[in-house]
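Scrolling down, you'll hit the structures one after another.
Two complexes follow with chain A in common, the first pairing it with chain B and the second with chain C.
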Partner chain A sequence: MKTIILKNHRERGGSLIVLCLVTVTVVTIAAGITALVAQGSKVTLSRSNMISAQEFAQGAAVIACTDLNTALTKAVGTLGNNLQTANNPYSRVSSSAAGVLYQRTIAAPFSNQTATATILLPNTNAPSSAKITGSATVGSVTQTATVNVRMAWGYPAAIVSVNDGSTDTSNTKANGQAGNVAIDGDKLGPIIVDGGSGLAVLANGRINYDTNYMTIPDSSYSMTNQGTANQIPDYTAQGTSNTLFELNRFIAVADLMTNGYNPTTKNNHFTNLSTFITAAKLYTNAFTKAMEGVVVVDVKMTDLDLANLTTATLPNGINIKGTLLLNFTGSGWDPVSEKIMVTAAINVNAANLSKLVPTDPSTYTSGYPPAYSTASRNPTNINITSKGFENFTASDDMPAVIYSTACLDIHGNCNISGVLYTPCYVEMENLKDGQTQYIKGMVIMGSGMYYKNTKAATNIISYDTASVDALATFGNAGKQVSVSYWEQ
Partner chain B sequence: MILSDAMASPVRRNRSGVTLVELLVAVAMGVLVVAGAMAFIYYAGYAVSGVTAQTLFNQQAGNSIEFIQSRVRFATSISNDVSGNILTLGFDDNVALDTTSAGFNTNGIPWDDKDHFEQFKFIGVNSTNASDCASNRLVYVANTQSNSTKVLVPSGVRNLPGFKIFTMTNQVIAIIRFGIADNYKTDKYQSIDIQGTGVSLNRVRTNNVLSIIP
Partner chain C sequence: MHRRTHFFFAAILLITLAYWMVQRSPTVAVPNPPAVLEGTVQPVTTVSDDERQRQFDHLEQERKTYADEISRRDSLREKRQRAGARTEGFRKQLQFSRSDAWAKMIASNAPAYQKIRAAAAIHGSSPCTLCNGRGTMSLCVLCGNSGQCPSCNGTGQFEGDLCPTCIGSGKCYLCVGKGRMICPFCDDGEVGSKAPLPPQSLPLH
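On to the complex of A and B.
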């Protein structure tokens, strides 16, 4: 017989259970903490990637804005072609009703990162806007940035002078005639240049004013830009590709715009001052009875009425809604020394100044754009393609006053909303107490300006983006890519 | 024949038990093990609490400042109140429509209007002391014309030493500085300080005037 001893070791089972529980608890806690930390790190990494991607996308959009601006300001070629033939060329991706889409991949100046930029241009010959999108992916996060731009006037200022001027620091008329901007005012009346969202004065030459009466911050103006990176191109070279406005295009509109008050041509193109004065006398109110459309007046040196644009001849002033083009023709005119003096009020797109407070820019109202009484007076409804010109469009900003080859010397009241442009010299002299010379828009000239008010009168030139941004310039001259708004 | 242990050896059966000393040692060891486990779980719980609180604060602070920056980026106007506790942002609801806002006339620019206003509000007591800031909150008001708010940080918002919550530079840049802290001593007072800058891409423009006024 063999005896086998059976031993029971039940107590060991209980120890294992405790050990397992402890182990499971420890592992669970450790895993939980690890997961929590890992998740937190993952979220942090995603946020970091998102911020990086967002910045790369915005950077790509800004670079594309620069590319578009380079293409726009190139002297030759269409905008689309210029994009495709640029140093960093874009590919034409698609074309639809929304526009033509151009795209390129941007590597430089980023480090180890690429971004994609697209430019959507409206499908027209001269696009006035574009939508630019930058897109970048960092890690697993992709971000886009979209900016809407417009081809807008690139030199925002109340007074823009492209002449290189002189080094003279006086604020005399001679200094203005030398190509500078001379502001001559004293304690009697306000003489104001309100830059608003732009500069007060932007000039290649000097800006001279009486420091006894005026202390202005440097940031309000920019002068002596000739020969610098900020030089304003000379857009006043009539007859060249640097012409700001194609004058014959405006004349074409005036030729096709009927006007029964014109005793000879029966349209808005007056071939001498006499016929213009005859018609102008019949337009007696700047707001309710004004000549409308593009009005062209040919002025010859031999015109017998050169001295008749006076308050005596035109007691109600010159009242126009639209554009007045004084077309100095024939020989004898000079950009600086030859002028016609006007004491009659010049009202072009007149603003309601009944609540004008010179010290308060918020009261600087505008009469632009003009409200035409009939559609046939609106230049955009005049088909000038038969004369070889592109029609004006509703989005175009039409200038208020243009004059060529000589100076329109404004001595009386004026109330002008829109752009006053001349390749020549500008003289605004307020010579009578109580008068108001008011321009809401911009003054741009090629041969300097003399701006004077030493009377108990009011002079205001105020920049107005709304009448300038989409200026109907020749071949987009003076336009640059300008950001309208960033999109969410 | 196989006999059971008891039958085979009755004398040995008594020797298979444990002595009192053995029992005490075993119990002591068991208690030590369990106590160790409990202590581990106890402190691990606080560690988890601390990590969780810190993670939560990190995310709340990060999300809040990121959200504020994203709204500032597209605002057409930015302003803060004197106390620096409220950041007010203006937005253009229709970029194709030039609307009148704040009593001013339309300016011919359709995309710079202020059609509605949003606010980020610090609600509570300005302090850097965590115990004073327990009930401080940071909320978002999607439209000031409405009473509804969204809570971004529900508690513990505090100032950074010497700074307001919202500071402005040239009506263009909003600097946001705040901290979040709890008052829970056991998990060692978790907290975070954060500051960032929000830049409006659709910012207002400056005015430049040159004048002689009698």
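On to the complex of A and C.
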């Protein structure tokens, strides 16, 4: 008889179970630790790649911003064409309602890395905004960075002078005519240049003023920029591609705007001062009290009314909502010495100055943008494509006063909201006690400025970014790429 | 060993393997490569070595061009400053050399000016008849109506540097190159009763 001892089997089985449990525990812990270490290094690597990719993507977006700015500030060609013909050219990859998409692959200045940049431009000749995306892949991680930019006015200042000027330090008229900004004030009336969010004066030449009567902080102006990295480009070469405004585009609008008060052409283009004076008088009694839209006046040296823009002839002044373009035509004019003196009040987009306190910039109101009585007076509603020009758009800032080759010498009251531009010389002289010369916007000129108030009168030029940023310049001249916001 | 034991160990190994596999799958959310704009363009991530080199070369060239431009502007600026420092001296020489012509011009217009001045004394101001009525005369005493700087004859250069009189513009500083100077008798065509008398010597500015 053979006896089987079952108890021993049970003991051996129990040991095996314990061994198994221990083994499972050890293996699981070992696997877990290994997995944790591997996971940690994977996370670290992914994180590192993500950060690198993000930085490369942002770098690509910034480089694309620079590329866009280079294309924008190029004197010739459309923006899209300039991108495609740049030294680092972009490819036009698609076009849709959203705009035209340009793309390039960026290798420099990255080390062993490439990134892709795309620029989405609205489908117009002079886009005012763009969407830029940089994209980079590091390891298996791809990141993108998107920045929305706008093409805004690049020289924010109440007075912008692009002339090289001279080295003279006097604040005389001759010094202004030499291309500097000469500010001539005394103890009587305030003569104010308010930079607001920009500078008071930005000039390639000198800014000269009487230190006995004026105290201007160094930080409020920038002068003698000629020959420096901050030199303002000369946007006043009229008749070339390097000009701030395409005058014929404005003339085209005036030609297509009806104006029953114009006795000859019946539109907003006056071919002599006589018809303009006639209409300006009639508008005093009109419903709108002001001419509206783009008003162009041709001024010839032989015009018999050159000396008739006076308070006697126009006791209620020249009143315009929109843009006044004095088009000096024919021979005899020159950028500095030839001028027409105006003592009649010049009111273009006039601001309500009833609460104006000269020493308080918060009371510097603006009449920009103008409110037109009918839609047909708004330049954006005038189709000028038939004349070979691109239409103005609702986002365009229209200048208030432009004059071509000569000088509009303002001697009387003025109340102008918007930009006053001339490729020539600016003279603002307040010649009577009690007068107010007020500009809310910007004054930009090509041949210097003489700004005078030695009377018991008020002179104010105040910078207003709202009337400047989207200025309807020729091919975006004077604008620079500035960041609106980054997308996360 | 018993068959059950083998089965048991095999099961443990399978469980461990399964656990390992689970652990291997990524748990970190990595963004998918995005389409750049509504799927219209996929990022291009490679460029040829030649293109890479070209871009680096261009970048270097841009840096050099910018540095050259700044250097050129600096040089021009220094020249202007050098010339500007000598302007007053040069113009004083011209003032002296043209003093007779200036005095003659003032004297010849003096009678007419006195009449205008007398009228201005009554009315406060009077239109100037000695110029074009807008403050510009029909002549320039300094350049003889040529519009050219008398020191450099319009070249803008003087002894290998910028002309100190015109700071390199080549234009007569008195008439800004037009051959018609600002009227010394009036201000924008008006003679005021309290206006200063015309300068007795040729202006320096």
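Worth pointing out:
Keep in mind that, in the parts below, the second predicted complex is superposed on the first by the 342 of 488 C-alpha atoms of A that agree within 3 Å, B and C clash if a C-alpha of one lies under 4 Å from a C-alpha of the other, contacts with A are read in each partner's own complex, and residues count from 1 in each chain.
Definition applied: contacts are C-beta pairs under 8 Å (C-beta built on N, C-alpha and C of every residue); 3 or more make two chains touch, one makes a residue touch a chain.
Please read these numbers as outputs of a predicted model, since none were measured by experiment.
Of the two partner chains, chain C is the only one that A:174 touches; chain B does not reach it. In the superposition on chain A, A:305 makes contact with neither chain B nor chain C. Judged by the touch definition given at the top, the superposed model places A:234 against neither chain B nor chain C. Contacts of A:43 after superposition on the shared chain: both chain B and chain C are touched.
Contacts of A:396 after superposition on the shared chain: neither chain B nor chain C is touched.
Of the two partner chains, neither chain B nor chain C is touched by A:255.
Contacts of A:485 after superposition: chain B is touched, whereas chain C is not reached. Shared contact residues of chain A with chain B and chain C: 32, 39, 43, 47, 50. The residues of chain A lying in touch with chain C in their complex are 16, 20, 23-24, 27-28, 31-32, 34-35, 38-39, 42-43, 46-47, 50, 87-88, 93-94, 96, 98, 101, 103, 105-109, 114-116, 118, 120, 131, 133, 135-137, 140-144, 164, 166-168, 170, 172-175, 177-178, 226-229, 231, 306-307, 334, 336-341, 409, 411, 427, 429. Those residues of chain B that touch chain A in the complex are listed here as 1-5, 8-9, 12, 16, 30, 33-34, 37, 40-41, 44, 47-48, 51-52, 55, 58-59, 62, 66, 73-74, 92, 95, 104-105, 107-109, 111-112, 201-202, 205-214. Chain C contributes residues 5, 8-9, 12, 15-16, 19-20, 23-24, 26-28, 30-34, 36-38, 40-41, 43-47, 51-52, 55-56, 58-59, 62, 70, 73-74, 76-77, 80-81, 83-85, 87, 133-136, 167, 173, 175-176, 178, 180, 182, 187-189, 203, 205 to its touches with chain A in the complex.
Looking at the complex, you find that chain A touches chain B at residues 1-7, 18, 21-22, 25-26, 29, 32-33, 36-37, 39-40, 43-44, 47, 50-51, 147-148, 183, 185-201, 209-210, 213-214, 216-217, 219-221, 358-359, 361-362, 365-366, 464-467, 483-488.
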